[in-house]
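Read through the structures below before going on.
Two complexes, one shared chain (subunit A), two partners (subunit B, subunit C).
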Partner chain A sequence: MSTHSETNTHIGNSLSLKRIGLWVFILSETFLFGALISTRYYLQGVERPDHLNQPLGLVISIVLLMSSLAAYRGEVAVSYNDQKKFRINIISTIILASIFLVGVGWEWYEAFQYFPPSSAFGTIFFTMTGIHAFHVLTGMIALIIIVKMGSDGRFNSNSYWGVEGVVKYWHFVDVAWVFIYPTLYLVN
Partner chain B sequence: MTQLKFLWPITRGLIGAIIGLLVGLGVGLSVSSLTGNPATEINISFSYVFALLGWLLGVGVWNSWIREWIGIKPSYFEAKNWQRYFGFSMDHKVIGVQYLVTFVILFLLGGFFALLMRIELADSGEGLLGPNYYNTIMSLHGIIMVAVAVAAIIGGLSNYVLPLMIGAEDVAFPRINALSFWIIPPVAILLILTPLFGGFDSGWTAYPPLSVTNADGQLLFLFAFLTFGLSSILGGLNFLTTTICLRAPGMTWGRLPIFVWSIVAASIISVTATQVVAFGLLMVILDRVAGMVFFDAGLGGKPLLYEHVFWFYSHPAVYIMILPAFGALLEMVSHFSRKPLFGYKLVVASFLSITALSFLVWAHHLFTSGMDEFLHIPFMAITELISVPTGVVFLSALGTIWRGKLWLVTPMLFVVGTVFNFLIGGLTGIFLADVATDIHLQDTYFVVAHFHYTMMGGEIFMLFGAIYYWFPKMTGRLYNETLGRLHFITMFLTYNALFITMFIVGTNGMNRRVWTYPENLQDGNILIGVFSLLLGLSFIPFVYNMVASWARGTVSGNNPWGATTLEWATDSPPPEENFAHPPKVDEGPYTYGQSGRKETQATPI
Partner chain C sequence: MDDKNITRKFRHGLFVFIALIIIELAEYIIGVSVSSGNFIFMVLLAVPGSWLIVHYFMHIKELWLPPEE
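Showing the complex of A and B:
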């Protein structure tokens, strides 16, 4: 009686339920990033300033994609109950993500000089990278939580939804960058 | 002290909010001293965001959620009886009632603001509110009523009955469900505080450039709307997942009650389109707080961008409001005509095509905004096309009533009233979808009357009808039929008198969103004011009826309407786990008049 939903057999325990919930959430977030990308074209067309730091943009994109690979390796490891490999991979994901955020910070520092938020391209640039960086940050917090949960021994090869959910979200954040990167850096 | 233990979640939430407010203020002060941007708005932004987080953590997120993540045992405290309504309960039935009561109160508050507007408009000169306060009150009326229309049926009624209708024990994510309700109080508080910060005179649409340059109250409004959007997304996510995953054995998609289908369609819109308006509001916030230039035409921004983004959500949003109302309408039509629903499959197809088409009509709000001319005709055509599936819904209602055995109790009276009102709302919509007439009628009271006919005459009437219909399910008691009919008759007559007069003054040139008008429109406005007051009074029997019947109405029994759908197969009010014996569904939802039908569509297993 007292712990209503928690004792209940089919709510909160079904994996397909959680998966579908996550996919609905990802569908919802897709509309946010869709709106972001459309706004860029609506306001600026395909204009792009010359002062974008192209090498840095490429490097942080690669770093972020590498982090997705590490996250995937982490998920596979936990599915084989390899706790050590799981930890190493998820912690590398977090490190790569921090490198990505430092890179974005560096970009912002340079962008302030050439196209500040009070210019048209700056508005787009800071908003897109800012909203994306916010998602990276939330993903990192989630990754830290699953490392903690993993070290408490709460995942094994039969039950690792926490890892699966967070890693799926992490892939989504990376895929979003795969669309944002060309929209900001390559289109001309 | 132990009797007051049920107030702990709210107390903890308030303490959390105050701590958050102070922390946010500190962060805001340090950020504004670094950047030198206008400090007040930065302070407001940080204070609000941190206060919101503090409130949510305090009210229940920490205890029932975060503790589990970091490996501490979650602590639940479930109060008993009426005290449950004040806590972070995860029971969808409690949350449904929380939503419903909150939004009925907000509805009455919004109605009170409308009466203040009518007092100002009783005279063409300056009256009670004057130019300073009129637009703020008008905007508050708008946004509160929009929130009621979006959340009262979905958050309140469907939270209560959808899991029962599909034979589930609860919604898919009970904690998220509780969260989506407890996000609402900060929204209400923020909106009520706006007059202290100079109000906001932009209307609920908050078009820039006005919304970028006006008083700080606008920022509070933007945050309130943004937060409300979050609640709406979480709600939609829950209903979609619940319907996909938690249907009872035998409850196939073709056996879902039509109300459930309407909630599915509305939820698809609310999880997707809401993100887009949230981004629109965020752009205005960034323009105000961070000095960005999304809408500054002088520096490369485009004000029209906001109108596109805003209506990309806000036109589909009218279907978030009206689809559940259609669902409830068809549900009741079948039960009270004692006939199977006419054209069930066609109605489902209509709901889904309304959902799809609703994403393609937004720019009809921009016919006079300076949008490219070549867009006028396609958007006019699609807007008129969407009336076809809407017509199918009407056909289904009329086909079900046709040669049915009508039982004209209060909920059914509201159904008949809604059919009448929405017909007027739909027909007057043609003039507004049509470019040529719209350019004359844009921003007049004709538009105001039109959307009140669809939203209030369609949705709010259905909200009240559905409250009467499910009242015995929620409370186990019958409402007073005489008072119910009195409520319907007074509300229906005064409502129609009021808004038909608005059509007339609108076509004569009465502009919306103004506190003054030419003197020849005086008589019409006085008439509208009188009818408004009477309409307001018509809710007295409703409130009295609900409170008194809940406390000491006649006990209703489990299925006072003899309805076939699953929610009536369990006790009224349902036990905590909804069904003492899990139900197995073995026939469609509306089997009236068919040989060998059972009392409801289910048998216990």
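Showing the complex of A and C:
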């Protein structure tokens, strides 16, 4: 009996350590995005170019928030062993992430005409959106992997750290965008 | 029982999402209508927006809760 209790305590401690490790990683990523955001104010102050497509920025922001909601629902579903809802929601997250990336691509297409990467704002714009889009892309790959692992029956209500870790990372990508969007498109 | 819990948590997530959308829309409206000096409004809206995600979606409080058994 005590062995069972000790095993459970060990699993609990192991999960806590994994969570701490992930949060330390997220903190390090926060420094990266913090540095990029501060660079924007250092190079450009609070000046904003006229040709920014603010409505498109709003639309892709809402798409990314929708993807966060879908990811949250996917994590909740797997925590209750509802595999069908888990798959539907994580696949929805991947689709919404793809739409977000198409939106960023559209923004880049327009941005090249008005503030090329050689200009101060262009440097900031392409670096920030590019690094963020790269995080979205890596998050999408991780989401695809957990859908595949879920299809193989690797997650259940007692063991779903893989889903929790990837979904937390996905939410972090959303948090970063919550600051990047006003910093690039709205501050004036 | 599980179905009820899932529905409750889904609804909970939806409320957080609606709050985030309201914040994004407020940011957008202020960003396009206040032509100068809107920086402080952006900070005041982005911080609670990110807190909603970190608290309700990322469950940061798990870090200081005792390990699950």
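Going forward, the second predicted complex is superposed on the first by the 175 of 188 C-alpha atoms of A that agree within 3 Å, B and C clash if a C-alpha of one lies under 4 Å from a C-alpha of the other, contacts with A are read in each partner's own complex, and residues count from 1 in each chain.
Methods note: a contact is a pair of C-beta atoms (placed from the backbone, for glycine too) under 8 Å apart; a residue touches a chain by one contact, two chains touch by 3 or more.
Just so you know, these numbers come straight off a predicted model, no measurement behind them.
Contacts of A:D82 after superposition: subunit C is touched, whereas subunit B is not reached.
By the document's definition of touching, neither partner reaches A:S92: not subunit B, not subunit C.
In the superposition on chain A, A:A35 contacts subunit B only, with no contact to subunit C. Of the two partner chains placed by the overlay, only subunit B lies in contact with A:K148; subunit C stays clear of it.
Once the two complexes are laid over each other on the shared chain, residue contacts for A:I20 go to subunit B and to subunit C alike.
Legend: residue contacts after superposition of the two complexes on their common chain; A:P117 is shown touching subunit B, with no touch to subunit C. Touch criterion not met for A:N53: it reaches neither subunit B nor subunit C. Overlap of the subunit B and subunit C interfaces on subunit A comprises residues 5, 8, 12, 16, 20.
By the touch criterion stated above, subunit B contacts subunit A in their complex at residues 69-71, 74, 76, 78, 89-91, 168-170, 172-175, 233, 236-237, 240-241, 244-246, 271-276, 278-280, 282-283, 286, 290-294, 299-302, 305, 308-309, 312, 576-577. Interface residues of subunit C, counted against subunit A in their complex, comprise 2, 5-6, 9-10, 13-14, 16-17, 20-21, 24-25, 27-28, 30-32, 34-39, 42, 45-46, 49-50, 53-54, 57-58, 60, 62-63, 66-69. Within the complex, the subunit A residues that touch subunit C are 5, 8-9, 12-13, 15-16, 19-20, 23, 46, 54, 58, 61-62, 65-66, 68-69, 71-73, 76-77, 80-82, 85, 168, 171-172, 174-175, 178-179, 181-183, 185-188.
In the complex of the two chains, the subunit A residues touching subunit B come out as 1-6, 8, 10-12, 14, 16-17, 20-21, 24-25, 27-29, 31-32, 34-36, 39, 42-44, 117-123, 126-127, 145, 148-149, 152, 154.
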